[in-house]
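Presented sequentially are two complexes of chain A, the first with chain B as partner and the second with chain C.
And now, the complex of A and B:
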């Protein structure tokens, strides 16, 4: 039984699956920055179009699963857009003509435009994230961080080891809940339920710590901390695809920012 | 448990600042557990809180900052706050939340905010007061990121409101709450391998 969503993985070889993770990360960051630095809704809209094209053509991801994966964005975008428009500073500025005036509520053009820009910004971030993390798994990300950005290898692979435990946590949760029911613990009311949730979280953290301690002992027994210089089992090669990906992403980000409306 | 790596020559940094395997894996495991909690929180709790009360939801934003306080209190090593907060952030992205790539930025500034406080006391003081201040540091980092990225169009009083709620929540939930959480974990005897157990 798993409460966690299944990871999104590519179903066919594609251009981006052959680009190293840190190149995709660099490329994605240029779009993130481009979407953040402006309150003009045209910029993030252009990036959304570019991201959809890249997802369809070059990501190799199963397109039918993407809407479900992006579902958490829905409510977040709605509330961020609505409140950005309602609580905008330019609504109070009497020199700007109001689009809507309803009693105490006054909404201006700049408020709507900025609110839309922030809402669409979240869509850009969601789609770009799929392009960065979708085409390969965490193991390749760790390899790439160590070999290309010289991240400390013990930290990268130690984290990878801990990551393997994530799916077990859902099972832990079920066992903890069952054990508490068996002991006849029945929380009542909102306070009781919150306390109960906290107690179960504590047990889950304690069991993760104990498991991690055993894991570290096993890793040290195999010489994880031997101090001998580590070689790489899977060698990553930086190629023309990496350079092309970063260059194109940068060009698209620049074009999205400077093109006239 | 304290002699997990006895064979390593002591040429590197001193034992109190060097990360042993057990330090790395336990912090990563804690961060993974928090990352899973974050994912649930991001997808099922935060959007509703935000939809019903924006910007009042910042009163519960301290939950995101727990790893930045809990991890340094457990292993007492330089870098624990940033490492834990970043790993928790990446795990919540891998599971799929609404902020995606952007949490790499927010995770870093939140961790750095707490890290500065622990560095200021030279990683020697881990009292509830230092934990509360570290929580505040992480909260300020969070506000520093969230205001320009998500709330830049909000009127000034609302932006100030976000900062105030954010820091209060960070101090109570992440700071004092994190300190109490580590004390509770220590009482179970699970931290025998760490200096926090003195």
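And now, the complex of A and C:
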């Protein structure tokens, strides 16, 4: 039963699908740093434009499904922006002219621009994450982390196995919650709800530990982490695409930072 | 499946393999020798295995039979070296695989000789893509890349999954996943293969494909094979030898499959295990007795308790496009009626249970449920469960999920039995009357001594019974069960059926989604689903005599079985 949407995966070969994950990770980092180091909303705005261009031209991802995937993030961004505007300190500064004044609510120009700057940064983070993780499956990232950044096997592949089990756990959670409803258990009030959530989490914890134990045993049975240095089925070499990706990302980040408004 | 007389058509297999053009790394199938083998998991007082002493010749197929708790899985783990090298506990006696002493050989070395396939495909696949999955074990054993690249497609071809290399493992069916798990172990070219209930989680087509795969491996005689499998009618013909264990992990017999001691079989049956019907004498009919038609529907019968009309359920599109799980399903359940819902995985069984219990609102169509009246009179009109608050759902419909653990709502067995009643009383203030007799219910379900125990600490069979016991006080009018006999031995299955009989006496309508053909004779009606549509609706006997096209092949063994138990 599919309770979670299918992961967003490339539907056609594209430039970024052939770039090793750690190169995409490095490239993405440059954008995140650029988006965070300045308060000027122009910088993240330029990066958003660059990210959209990259998604459309080089990610290979199904474009029609991207807005749907980003919708929950969009809601978060919207509320974050609104609250940042409402709660900005400059609203209280009577020396700045108000754009809006509605009873106790007073909103100034600097508050709006600061709020928008925060919101648009989160958009950069969302789109960059999509560019980094979207174009290849998590296995490639684990391979890449182990082969190129020498991350420990147990960490990288253990996390990978956990990731594979995640949708199954989501199904378990639905069953746990349904079971309580069907027994007529309907928590009331904040205390009741909190206690109910705690009970459900406990069941979830016990059952996911059991699942993890079974999976760990199966991995051990196949010789995982038995002291031999693992070989790799799929070789990941740093190639011109990787270097180009990092170089271009760096150039875009620099341009976004230094270009005059 | 296997035609030749076992054991006569081959010499010492090790010699043969050495003489052939097989890769030099390949070692001939080993013998297995156990002498006084025993194991107690740390923290337990009762041994999981005790005093196993047998000698299996190289290249033979051993079928292990025993009830729940007989140590079958522990034996599988010992053969793979997980016991004693990964799991803690107390080891006794000796186990040798060929020239290796298991207790003294590092798990790494054993791992190169032994391949172990587990029961649940979802708990043994590691990678997200099929070719990576097969390569995982080879990477761990440091195979050079070029050999892996040659071996991975070979292993996939061996299990009939050629061309699946780039598929995501999550998109495979249960049977495909399990064949992939077999490819995983075959890839490393082990000489001993151990299968721990490899078909238990599979639907009939998946089970059939996996058993075919086992049969093919058994015929090739390249491996020594140890098989733990409860689909005995299909498994027994593959076996050269059998090992019988009792419920305390003791050896009842080790012998040729065709010459089993009748006393040992009788003891095996008394211990609660499934028995192949070829071994059943005329007096061994305890199972059929408990499944025979009970008192039948009570006075409330012929009342419609559930009515589903033209149900359609769609799941969001994935890479295979939009998915219609139910497509125009209409169906009624009457008071006192027990219906089996069968069909391959993905045919819509689980979705139907979710829709009927109001957990998933259908995209089209409607579900109406009636609460069961106390005096044979149905006062209330029928309601849509997806629009009702929890307190009004509980009297109408209950669900026993496949994994009972996920359904537990309390910290002790006693509270679990009382939970529905407590929730109902809690809402109506201090409702009068003494509290219900929870301990009495537990005692009737054979759980009396566990009243204060945490539900999570019970065995699989006990958990299943507790999940039913929780539905006895204030029973729902309609009971939906997802694979209610999953993983149970004969004794466990029998007790579930008699508990269901007890619940049905209240006039309850019961719907069982199941892959277990042995349950069908205990039902009044069979509804078969295929790709979201009802393809059969009728009596069990009719279904078994002439199963609908898509299901015919996998259910064939069952027809024989049903005839012998009738």
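Here is the rule we go by: the second predicted complex is superposed on the first by the 225 of 261 C-alpha atoms of A that agree within 3 Å, B and C clash if a C-alpha of one lies under 4 Å from a C-alpha of the other, contacts with A are read in each partner's own complex, and residues count from 1 in each chain.
As a convention for this text, contacts are C-beta pairs under 8 Å (C-beta built on N, C-alpha and C of every residue); 3 or more make two chains touch, one makes a residue touch a chain.
All of these numbers come straight from a predicted model, not from anything done at the bench.
J.: On the superposed three-chain arrangement, identify whether chain B or chain C touches more chain A residues.
T.: B
J.: Counting only touches as set out at the top, which of chain B and chain C does A:32 meet: first, second, both, neither?
T.: First partner only, chain B.
J.: For A:211, select first, second, both or neither according to whether it touches chain B, chain C, the two together, or no partner.
T.: The answer is both, since A:211 touches chain B and chain C.
J.: Should A:132 be classified as contacting the first partner (chain B), the second (chain C), both, or neither?
T.: First partner only.
J.: Return first, second, both or neither, reflecting whether A:111 touches chain B, chain C, both chains, or no partner chain.
T.: The answer is first: A:111 touches chain B but not chain C.
J.: Go through the superposed model and pick first if A:193 touches only chain B, second if only chain C, both, or neither.
T.: neither
J.: Check whether A:83 is in contact with chain B, with chain C, with both or with neither, and answer first, second, both or neither.
T.: Only chain B; A:83 stays clear of chain C.
J.: If you stack the two complexes on chain A, which partner ends up touching A:233: first (chain B), second (chain C), both, or neither?
T.: A:233 sits against chain C, while chain B stays out of touch.
J.: After lining up the shared chain so the two structures overlap, which partner does A:73 touch, if you call chain B first and chain C second: first, second, both or neither?
T.: Only chain B; A:73 stays clear of chain C.
J.: After superposition on the shared chain, which partner residues are touched by A:201: those of chain B (first), chain C (second), both, or neither?
T.: first
J.: Show which residues of chain A both chain B and chain C reach, each in its own complex.
T.: 5, 138, 161, 163, 165, 206, 210-211, 215, 217, 219-220, 224-227
J.: In the complex of these two chains, what residues of chain B are touching chain A?
T.: 1, 4-5, 7-9, 12, 19-22, 24-26, 28-33, 35-37, 39, 42-43, 46-48, 50-51, 54-55, 74, 83, 87, 91, 93-102, 105, 148-156, 158, 181, 184-185, 188, 190-191, 193
J.: Over in the complex, which chain C residues touch chain A? Could you list them?
T.: 77, 80, 82, 86-87, 106-108, 111-112, 116, 118, 120, 122-129, 131-132, 135-145, 148-149, 152, 168-170, 184-185, 188, 315-319, 323, 325, 350-351, 354, 357, 359, 389-391, 393-395, 397-399, 401, 403, 405-409, 419-420, 423-424, 427, 456, 470, 476
J.: For chain A, which residues are in contact with chain C within the complex?
T.: Its residues touching chain C are 1-2, 5-6, 9, 11, 137-139, 157, 160-161, 163-165, 167-168, 172, 174-176, 178-186, 199, 203, 206-207, 210-211, 214-215, 217-235.
J.: Mind listing the chain A positions that touch chain B in their complex?
T.: 4-5, 7-8, 25, 28-29, 32, 36, 39, 69, 72-73, 75-80, 83-85, 87-92, 111, 114-115, 118, 121-122, 125-126, 128-130, 132-133, 138, 154-155, 158-159, 161-163, 165-166, 169, 201-202, 204-206, 208-213, 215-217, 219-220, 224-227
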